[in-house]
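In what follows, structures are represented as structure tokens.
The same subunit A turns up in both complexes below, where it pairs with subunit B and then with subunit C.
Coming up: the complex of A and B.
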């Protein structure tokens, strides 16, 4: 059967926090494609599924919007596609409007606004289970009649929770039978009783105060007729919020949550890391033994591949633990609460509470963080957030931090509960946050345009994180990380091995071979510049490939030290090698360097893409390098004085 | 408005002509006759405010909330 001939193009539209994306995942499962809309940086999620009848339904997940009167690039995309004005995306055959059944007072207004477009539409009352639990009764039949469109109940987070919607979509007439684009209102389905809705002929492009009032009045009338509601909010949410948003208790909880995350990253991941490390070492030896007859290839594989990549692979468990926490906080609805608590502080620093989520994502990686700034409607707030996002300690810095901390900071217990290593890690993260706030403050001072910025942020209902969605998210991150290890890291590690191994040392050489290689020469030349901040030439060599991706610095160091080791030291782990060769001042200086250094080409590339300006790239790279050098210089000189 | 205070919206005023913030507030449901309640306030200087309107909670900065005129007596 010809799939395209009978496929129906459906767009999922709805307010933010209506569970639209969960519904999209439920419907399409693994059959989805994520990309960007051309020219703008709004995520385009498309998927398809096969209805019981064998029909193929194409699904487009549009960005969440409160109104067709767009206030952000995301909302503009949704508006353009729904109105059929998008340059590349044809208007959908059918709009499935998703509304949170527990939040109809807000969501129905958007439903009515969409209805004015006069396109075929289905309303999905999502989270109907939560509504029932709270005693909310919705007369679906009456709502269907009043709205003049099919209404179905869905529970996106439950197996089979979208069946009613699938049946309804499957029963939809063929493409050709649907009314053409721009059909007058009400042409789609005969509305039995459309009297309660004042039909307005043309979509209002810039709703005045009166028309807002108008739609709200219609929603109120609709709700009065079709919904019974014992109380406006969930009692449980009220109870949680009274604690979590409490001026003292709330901040204490936030601090504890953040601190727990960092402790967990350090302690929970250790057994997994040890396992990965042992597996890599064992297979390295095994492969090395097979290649014993070919010394050059053996060196490439053991010193280059296994020493380099293996070291990085060990950090996967830590990155996953960090992502696990971020995903759970995101799914549960806690993140906007944290943004609420921190808004005043961030506002004073020239940011907004909304910056909190992009900045928190930047702890995992600045790239998704910078991409998440799309939800910040104000362009000035957005640019500031983008510029400071690289200061958040991303997971790629973690390998460097953990390597140095494990080698130089003793595992003392502090106060019986915490260990010194965890505290140093926390301090490094804190240094990143503090400097981000300081930089944002400076940007705010420099800015000439002082007009008002808006917050207006919805705090969604709390939700139990769905294990399926969390697992899905974790799997995505693992894939991204492994792809990085497999791609850029692999190439750079091999390149560095080459630079470090050639030319071969002259006969009768007394130094380790790397001293005579290209890398040795480059490093020694660079070391002149970096000597005031305590970097030796091995570190300088590692900094070059580290420009491509921060974590490569660790694998590079591993490669450099594996190749420079002589005799018995050859199998010594990297940690032991640097512990014996570096001073504490050098280690601290390198840590300080990594708090600031813009050592990540992909971050700079994403800044270019998101802001569409090279100027912003140069500004961020320039100020980050300056700060990094300054911080390392101070750290090194101070540490040397006291050591 | 103090924490826990409730009232009924009478109007949302534009701080200047074609004020996008006021327009968005109206779209979010801050319109004449709508009951609102201040659920919580931020830890620093009581800013932002957490306002319950309908079934939804919005965090509003003081400057944003200042556009909304509320009749406190009207609350039951």
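Coming up: the complex of A and C.
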């Protein structure tokens, strides 16, 4: 019998934002996303670790749930697995119920509900350090006796903070002799197999309202017997919240925070961006010189890879500055407060405060944002959020925005403090948010069925962001970006170079070779459709590979312009080339296009998967293309009139 | 053909081939897997030599779940754990509710 066969399958279960994923990462060495708000984990994650005795323990990290009465799709996954009803996942041998030690009043209720399942359980009192700081004293021995299950203290975010839990798990007997919860000390289960464990859990029913009251009474009694708490909430958090959650001051603070982030994206990233740009240009020249005897390969490397991919690479510093702020906000606990502040506005627009976190996740990428809608219980709200999520400005759009802004918007100071380029970037992000609210409002008007609205959201304790976690988050973003550059962007750039270089121009040709290529012909056909919105054939060529990933549009433009350049303009950077060849109206039109255009096939595929409907995909793609064309048309025509 | 030209042709063919396969697998995963499976079936015929059977085994498409965490789109970084094992989250269908 091997180690895996005899290992325990352990599920980490608990209320949202109690530190399950942090504990999962601590135990398995994984780097799953953690943040200081509820609803980060929406699907199960699996890992394993080797205990000091050499025993292999399999760990399952489940989405947070407040109750086994699942209110949302992510909670349903947790319920089904805990109750042994999941089609693909056997019931766990052991449940490690993670509870926030600073908020036992809320978390113990779910512990008691899980206990009713009758499965072997261990309670992990996480964030015990924060509890001690607040003067909360927990009599672990008394709690253990009262609950009839082992209770251990953990600090998942600290090195060695889960050692007590590991020792406890390592000392657990084999699956066949695990004691059920509530059993007298030393009592053992009779020998059972997986099926019998699952069968024993299957008939368990969710507690009724009556039994729910009973659970609350039990929690109160438990707290009275085992916990000493100076006050229910943190005094510092209450003081901060009195300002941050103020209906006027709170919204003003939120606007200032967002505004400053976009200012910093332009101001802080410039030196690094210049350094990357210089390094790429120098390397391109060097490699180009080495390949002088192979003209086609030289063209691919210099015009395709260095001009195309190098241009995209220059935007990495700006993306990292943006994510530095997002990670700090995520860790601090401010984001759920922002959701609370915006709930009223979002409800008027047909959304809910619960949509805030998925929409915010969409600023990184619409895919995790759409996945995060699983935490929205109401199907109508969920679908609306899914449909508007692509309007949030994902990080892939940042290279396009910053390229055009740097080329066409002067670097003027406004009011002596603000940077005009930063203000335009803020306006573009704001346009995405405003469009999402407008589209949600239209969906609300089209759908007359009403759903109950009540935002029940846990506001986590404020936390000082951990520099190590923030640094790790930035490293992860860098890896993701570089993987994209070295993967799909590289592949599409090579293919675009081929389409832009072949067939060779006929004898006596007077135009640049790209005019006679496949890409040149395709671009010129498309230009007929896009002429009313000011797009030339080069932009049209870039739109096609941009369907795979938005930032490919930048590398494609760089490749197309590098291949189109003749004489003195041949060495010009993309920004300089477009600034000299495009009108301001065209640039603004392209910016407007990118606020709306659904140029990401992965996003459409995830909409199909999450809604199980092609209809929603067509609705989404159709309205986004329609809006993109309309917005670009209006922008172009108005800008041309006033220019 | 001179040596530099031969090197250039080979390098271009390799790069273009890799790019086409990579882009197809990423952008048309289901179609690519179907084509791969058909190719495997053709290589794996009883009359095929042993080395072709072995090659067919290596070419066997791996299971995947389509676009979701773990499909390798690598756009969000949420795939780390799922990389080891295909994600198997059941789909959660949504439909428009009829007008009241």
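Convention: the second predicted complex is superposed on the first by the 595 of 643 C-alpha atoms of A that agree within 3 Å, B and C clash if a C-alpha of one lies under 4 Å from a C-alpha of the other, contacts with A are read in each partner's own complex, and residues count from 1 in each chain.
Going forward, a residue touches a chain if its C-beta (ideal position, glycine included) is under 8 Å from a C-beta of that chain, and two chains touch if they have at least 3 such contacts.
This structure is a prediction, so every number in the text was calculated from the model and none was measured.
Engineer: Please tell me, clash or fit, for subunit B and subunit C sharing subunit A in the overlay.
Structural biologist: Subunit B and subunit C fit side by side in the superposed model.
Engineer: Rounding in steps of 10 degrees, give the angle subunit B-subunit A-subunit C taken between C-alpha centres.
Structural biologist: Apex at subunit A; the opening toward subunit B and subunit C is 140 degrees.
Engineer: Quick one: is A:102 in contact with subunit B, with subunit C, with both, or with neither? Answer first, second, both or neither.
Structural biologist: Touch status of A:102: first partner only.
Engineer: State whether A:365 touches subunit B only (first), subunit C only (second), both chains, or neither.
Structural biologist: A:365 sits against subunit C, while subunit B stays out of touch.
Engineer: Touch test for A:374: subunit B only (first), subunit C only (second), both, or neither?
Structural biologist: In the superposed model, A:374 contacts subunit C only, not subunit B.
Engineer: Please work out whether A:213 is in contact with subunit B alone, subunit C alone, both, or neither, and reply first, second, both or neither.
Structural biologist: first
Engineer: Touching A:464, do we find subunit B (first), subunit C (second), both, or neither?
Structural biologist: Once the two structures are laid over each other on A, A:464 reaches no partner at all.
Engineer: With both structures superposed, pick whichever of subunit B and subunit C touches the larger number of subunit A residues.
Structural biologist: Counted on subunit A, the partner with more touching residues turns out to be C.
Engineer: With the two structures laid over each other on chain A, which partner does A:67 touch: subunit B (first), subunit C (second), both, or neither?
Structural biologist: First partner only.
Engineer: In the superposition described above, what is the shortest C-alpha distance between subunit B and subunit C in Å? Please give a whole number.
Structural biologist: Comparing every C-alpha of subunit B with every C-alpha of subunit C, the smallest gap is 17 Å.
Engineer: Which parts of subunit A are touched by subunit B and by subunit C alike?
Structural biologist: none
Engineer: Spell out the part of subunit C that touches subunit A in their complex, as residue ranges.
Structural biologist: So the residues of subunit C touching subunit A come out as 4-5, 7-8, 11-12, 15-16, 18-20, 22-23, 26-27, 66-69, 73-78, 80-82, 84-85, 87-100.
Engineer: In the complex, go through subunit A and note every residue touching subunit C.
Structural biologist: Going through subunit A, the ones touching subunit C are 30-33, 43-47, 73, 77, 87-88, 293-294, 296-297, 300, 364-365, 367-368, 371, 374, 379-380, 382-383, 386, 396, 447-450, 476-477, 479-480, 483-484, 487-488, 490-492, 494-495, 498, 548-549, 600-602, 605-606, 608-613, 616.
Engineer: What part of subunit B is in contact with subunit A in the complex they form?
Structural biologist: My answer: residues 12, 15, 20-21, 23-29, 31-32, 34, 39-45, 47-48, 50, 52-61, 63-64.
Engineer: Which bits of subunit A are touching subunit B when the two form their complex?
Structural biologist: Going by the criterion above, the answer is residues 66-67, 69, 71, 102-106, 109, 207, 209, 212-213, 216, 229, 232-233, 238, 241-242, 245-248, 250-251, 336, 339-341, 343-345, 347, 353, 452, 454-459.
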